[in-house]
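Next come two complexes built around chain A: one with chain B, the other with chain C.
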Partner chain A sequence: MTKELVAALFSGLVLGSLYALMSMGLALVWGGLRVLNLTQGTLYMLGAYAAVLAGRSGLSPVIGVLLAFVIIGVLGSLLYVGPVRRVSARPDHENAVLLLTFGLATLGEYAALVAFGPQPQSVQTLVHGQFTVVGVAFPWNSIMMIIATIMLLTLLGVVMKWTRFGLASRALAQQADGAQLVGINRHRTSMLIFGISSGLAGVGGVLLSSYYFVTPYIGQNYLLLALIVTILGGLGSMSGTLYAAFLVGLIQAISSLYLGTRWSLPLLFAVIIGVLIVRPTGIAGRVAQERL
Partner chain B sequence: MSIATALRVDAATTTRRRPVGLVRTKLDIAGVLVGVALAAVLPFAFQSASLLGFLAVMWIWIVVNIAWNVTLGYAGILSFGQLAFFGVGAYTSAILSVHLKVPPWLDTVAALVAGGLAALLVGVAVLRLRGVYVALVTLAFHELLMTMISGDTGGFTGGPNGLGPVRPYIATYNLLLQSAFGYWIGLAAVLLVAIAGILLVRSPVGLALVAARDAENVARARGVRVTRYRLVAFVFSGSVAGFGGALYGHYNGVVSPDIFNFGIVMTLLAMIIVGGWGTVWGPIVGTIAITVVVYYVQGIWAGYENAVAGVIMVVAILFLRGGLIGAAEGVTARGIRKRLWREPADAQR
Partner chain C sequence: MTSERMSQPASDMTQPARQGLTRATFMKGIFAGGVGTALASCGFGSNQGAATGKAGREIVIGASLPMTGTASADGLGLSRGIEMAIEELNAAGGIAGRKVRSEILDAKDFAPDTMVNNFKRLVTEKNVDVIVGGYQRTSGPEIDVVANAGVLYYHTNTHETDAKQVRSDPNRYWGIFQHCPTEVWYGRDLPGFLTRIEETGVWKPRDHTLAVIKGNDQYTTGISAALQEVIEKSGWKLALVEQVTIPTTEWGPVLAKLRAANPDAIWVTDYLAPDEANFMKQFAQQPIQSLVHLQYGPSNPQFRQLAGTAGDGVTWATTIPLLQDDIGNAFAQKFQKKYNETVSGTAATTYDAVNIYAKSVESAGGPDDRKKIAAATKSMTFRGVCGSRYFGFDPDQTARPYPGYTKDSAKGMPLGYYQIQNGKSVLVDPSPFSVAKFQLPAWMKA
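Up next is the complex of A and B:
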């Protein structure tokens, strides 16, 4: 039994790092712009397809990761420059952006369906081999995934905390008009935030593709899990999102071990409803103060 | 806060018992009656089972959209759960009908109650929170239902293959008559729900909902019980969706997880947005408009109707604020007056 438990805990950590990468994008955009970007799941899926294409053309996986970051990042910035910026001036822009990105996400799915077909595709693992401790196999690929996530998120944390860009995006989140008054370029900062969060989704997609099959529909599932993580962690709180991602991954892995895979999603849903009733702003979220 | 919002808050808190906009309400109800009467004779003109069946589904979507518009447009609650509540209703009626042989009319009532209960459960958990949380939780609820039902291999819900056959309300062997019955039943539901919707949004409850949407803190400060009214709107919306789900199940004969397809969510959203949300006629006009488009797209590019609806939705959000109804209002005297009353920051964009 301990063997299964160790294996489940490990797969929980792997899942958690996948969710962390993806929900960090949501948290980043919410933190800077106060909007939710529902295209995140679709961008994730497109990142996975980038890995498929890179694998087919025989490129090195490292270049594939970089390419996915750049291509999906540029796609995300374009998303801001085009549609999102257009509606961002409206008084109800929070809802408008949500609906807009929902529409674009579904359209992206159709585009992938036309371009790549519905059949699942697989990609070679980035790193081969595994090692065994107490009878449990630890593939190097999964270890690499956890390490890559931790490195990326640390880098992101450093950027958000200590650079002028990070300062600017936090200022925008607190008081957009005030930030603009002191000379912060709102649209450029927002575009960068969209680009970086989408790039992260793209990298997440590449990492995911070495772990699961790739279909045009995977975006939906991961968006759902990212949403659960984001609610649990508190919107816009990066540390809360990180804890929640690993918590969700572990809950999922352990509940599939003891209750079966079918019940892991209902259990998670019950957990978020419970958390929302007890702590409406999530684990680490703070109540946003609004003026009349 | 604009003057119009302030007046609305004022009216919602001071004229509790008096109905609002009585003349307009009567006009709108008269419009619904005339429209339904005209539509009721249509089956005699188009004697095509497939066309009538297509329009029967359109009536069901109008029912669902009128209710969704109450939460989305009037209350400003960003709920993506409408199709989930629709699914709750469809599955409730199908399970009762197939497993327990309950008569169709009775299981439709059960579906209505089940949809309302599901909305109550979700609503109690999220309606105290900001709008985005509602969107997240309802979306998660939708996904949860879809995953649970399509992963069910026990046979209770039929799993990925669906559950059937669900008996129709009125069974005949004549195919044309069968479609016509579906059409008329859908139309009768539109009549009921449209009038209920108009009465709700023009009641003090509806006024309070709009006031809370436009200036939540002001409305709260003036004593409007924002959360309670939102819950009323949410439960109304959910139970009507459940009702629509039962109609759909009985019309279609089979209820399968396909009804949770995100393409359908998007098509329904496109209908409301293109018509113009937060207006009485928006969802009705929008549903008819998108259905016409879908009808023609089906002939040319089958399988991508929902994608086309999505493109139309994105374009409508970007370039057609207020939808078709908003565009039409822009040229009438009432619309121009309304624009002058809008907040300056709002009007200039």
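Up next is the complex of A and C:
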């Protein structure tokens, strides 16, 4: 049974990576702007298509990752500069941004459907080969994805905690008017938050594309779990997002092994309900009073 | 499914600031979403074929197909089958002298309300003469919509419940035809297929054990239940039955269980091509000595592309096989020439459906007396690109499989078993339709 448990744990880590890659952009935007950006799934999907196009053009996967970060990042910045900024000046901007990004996400999916068609596309794995330990195969591509996810989220956490940009983002999240009074450029910071979170979604899409197949709906498929992870981790917390993503992945994998796959989602939601009853702000979320 | 997934958390998130939602904001959001929907709708309701008829009114063929959403690759194939059939019929002068056109509505992800609304629109707003399928994942309600309207319906829902519904009241459901055997035959016939392979001597099962990976919907639970009903008497036994949620991306825990059970054969009933391709890729990382039989997914050419060499050796079955004989190959070549793509099995189903209707109308002398057309359908034996259809076996007006139900290959529709060999699906069973012999997969030779 050890072999099966090791295989399930590894699957849980792979799933956790997929969820974390999807969730970090949501967490970043919430952490900085206190809004939910529902285009994250679509940007993730665009990153995956960037990998498809890079593969067809014969570009190296590393170039594909960089291009996805830059192009999708610029797209995200434009998303803020254009429609989001216009509605974020309103006092009810949280709802407005939610609905606006939902609409744009739908539009983006249909645009991808028209541009790329409904057929799933495959991308070469970024890293080939595997090794075997205790009779369980560990593909290097999956290992790379887990490591890349942890590195990206750790880097993001460091940026948010130790840099001027991170400080400005947190100040903006706590009290936007107060942040402006002490010299923080609200719109430039917000644009950067949208740009970085979108760029990360693009990178997530590239990494995902080497593991699963790319369709116009791939982002939506993960958006629900990404929202669950973001809430469970504590909205806006990078470390919480990382813990929650791997917790969700491991719960799914281990419950699938011991209880059967059909019990994995009910058990997952039971755990989430339990955690949120005990800690309403999530695993690493901060209490609401911090937001002045 | 995807929009449902999104809407729940979105509404949860909005609660703390609900009072801030204004009508203008709401309309902005709706507008943004609406544009996408409108974009997606463009082109699907096209009037394929000629716009005017030479004698009498046009014949309108309707369909509700998944043109967007997770099954949109199927929708594309299904719509192309209709398009090809209509083009050919119009080029030959139409059906009974009437020109033909289509009305296709988007079934999206098969939400029941979308399906019922589409069928109501087809019979009232679009005034169709006939509806062809294609399949509906949760079928049943649309059958009553069609019956109430007195419209003909030729579908491949592949649902035993639909057959039962028609059998329960043949006078009410006179116009409903299921032009393929139902899903239960996948389960009922599988032990027979495995035994036939064993009899070739190429494969020697160790202890005649089978693992079933079933999904969580009507279709997959139905086919696996049908297998469980017959397996005891078949000489095979179940080593593992595991349920997964469709779609499934990560197969690690399931594969861990399969490797522990080490059955002679594995049957994966999750029918989505990307899921099954991913299963094979992950299976291939550490294969076991088991034959892998997949449900439906490999019928989509995308499976071979997505799975790559990991898909070589798998077997799969379909109750609606595009036969690899002269008739089927001619259709495949025409499809390739028209769309510059490998033919999809889904296209063949709707191509046949339109032609079954066309032959019935010709036989009835015109499109207006629908009961007469239905009677013509029921009395004839149709030979299409997917084999023969005869609807008179039972009052359920559903085709039956050869050889599982009837030994008459001229009336029974072959339940086709394929194997992917060197990247191509070849029909290996049943005889006399098979074009190649079963080969032991590479991972079982090691």
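Going forward, the second predicted complex is superposed on the first by the 282 of 292 C-alpha atoms of A that agree within 3 Å, B and C clash if a C-alpha of one lies under 4 Å from a C-alpha of the other, contacts with A are read in each partner's own complex, and residues count from 1 in each chain.
The rule we apply is simple: a residue touches a chain if its C-beta (ideal position, glycine included) is under 8 Å from a C-beta of that chain, and two chains touch if they have at least 3 such contacts.
In this text, all values refer to a predicted model and were calculated from it rather than measured experimentally.
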| item | value |
| --- | --- |
| Chain A as common anchor, with chain B and chain C clashing or fitting | clash |
| First, second, both or neither for A:220, with chain B first and chain C second | both |
| Touched partner set for A:280, first chain B, second chain C, both or neither | first |
| Superposition-derived comparison: chain B or chain C, residues of chain A touched | C |
| Which of chain B and chain C A:4 touches, first, second, both or neither | second |
| Which superposed partner A:110 touches (first chain B, second chain C, both, neither) | both |
| Partner chain in contact with A:75 - chain B first, chain C second, else both or neither | neither |
| Which of chain B and chain C A:14 touches, first, second, both or neither | second |
| First, second, both or neither for A:269, with chain B first and chain C second | first |
| Partner chain(s) touched by A:120 [first = chain B, second = chain C, both, neither] | second |
| First, second, both or neither for A:132, with chain B first and chain C second | second |
| Steric overlap of chain C with chain B in the superposed model, located at which of 62-70, 80-88, 134-142 or 368-376 | 134-142 |
| Overlap of the chain B and chain C footprints on chain A, listed as residue numbers | 36, 87, 90-92, 94-96, 98-100, 102-104, 106-107, 109-110, 220-221, 224, 227-228, 231, 262, 265 |
| Residues of chain C defined as touching chain A within the complex | 2-3, 5-6, 8-10, 13-14, 16-22, 25-26, 28-37, 39-40, 68-70, 72-73, 75-76, 216, 242-245, 247-257, 259-260, 273-274, 277-278, 285-286, 302, 305-306, 308 |
| Chain A residues touching chain B - in the complex, by the definition given at the top | 30, 36, 83, 86-87, 89-92, 94-96, 98-100, 102-104, 106-107, 109-110, 220-221, 224, 227-228, 230-231, 235, 262, 265-266, 269, 272-273, 276-277, 280-281, 288, 290-292 |
| List of chain B residues in touch with chain A within their complex | 1, 76, 78, 80, 125-126, 128-133, 135-137, 139-141, 143-144, 147-148, 151, 215, 217-218, 221, 262-263, 266, 269-270, 273, 304, 306-307, 310-311, 313-314, 317-318, 321, 343, 345-346, 349 |
| Interfacial residue positions of chain A with respect to chain C in the complex | 1, 3-5, 7-8, 10-12, 14-15, 18, 36, 38, 87, 90-96, 98-100, 102-111, 113-114, 117-120, 122, 130, 132, 136-137, 139, 212-213, 215, 217, 220-221, 223-224, 227-228, 231, 252-254, 256-257, 260-262, 264-265 |
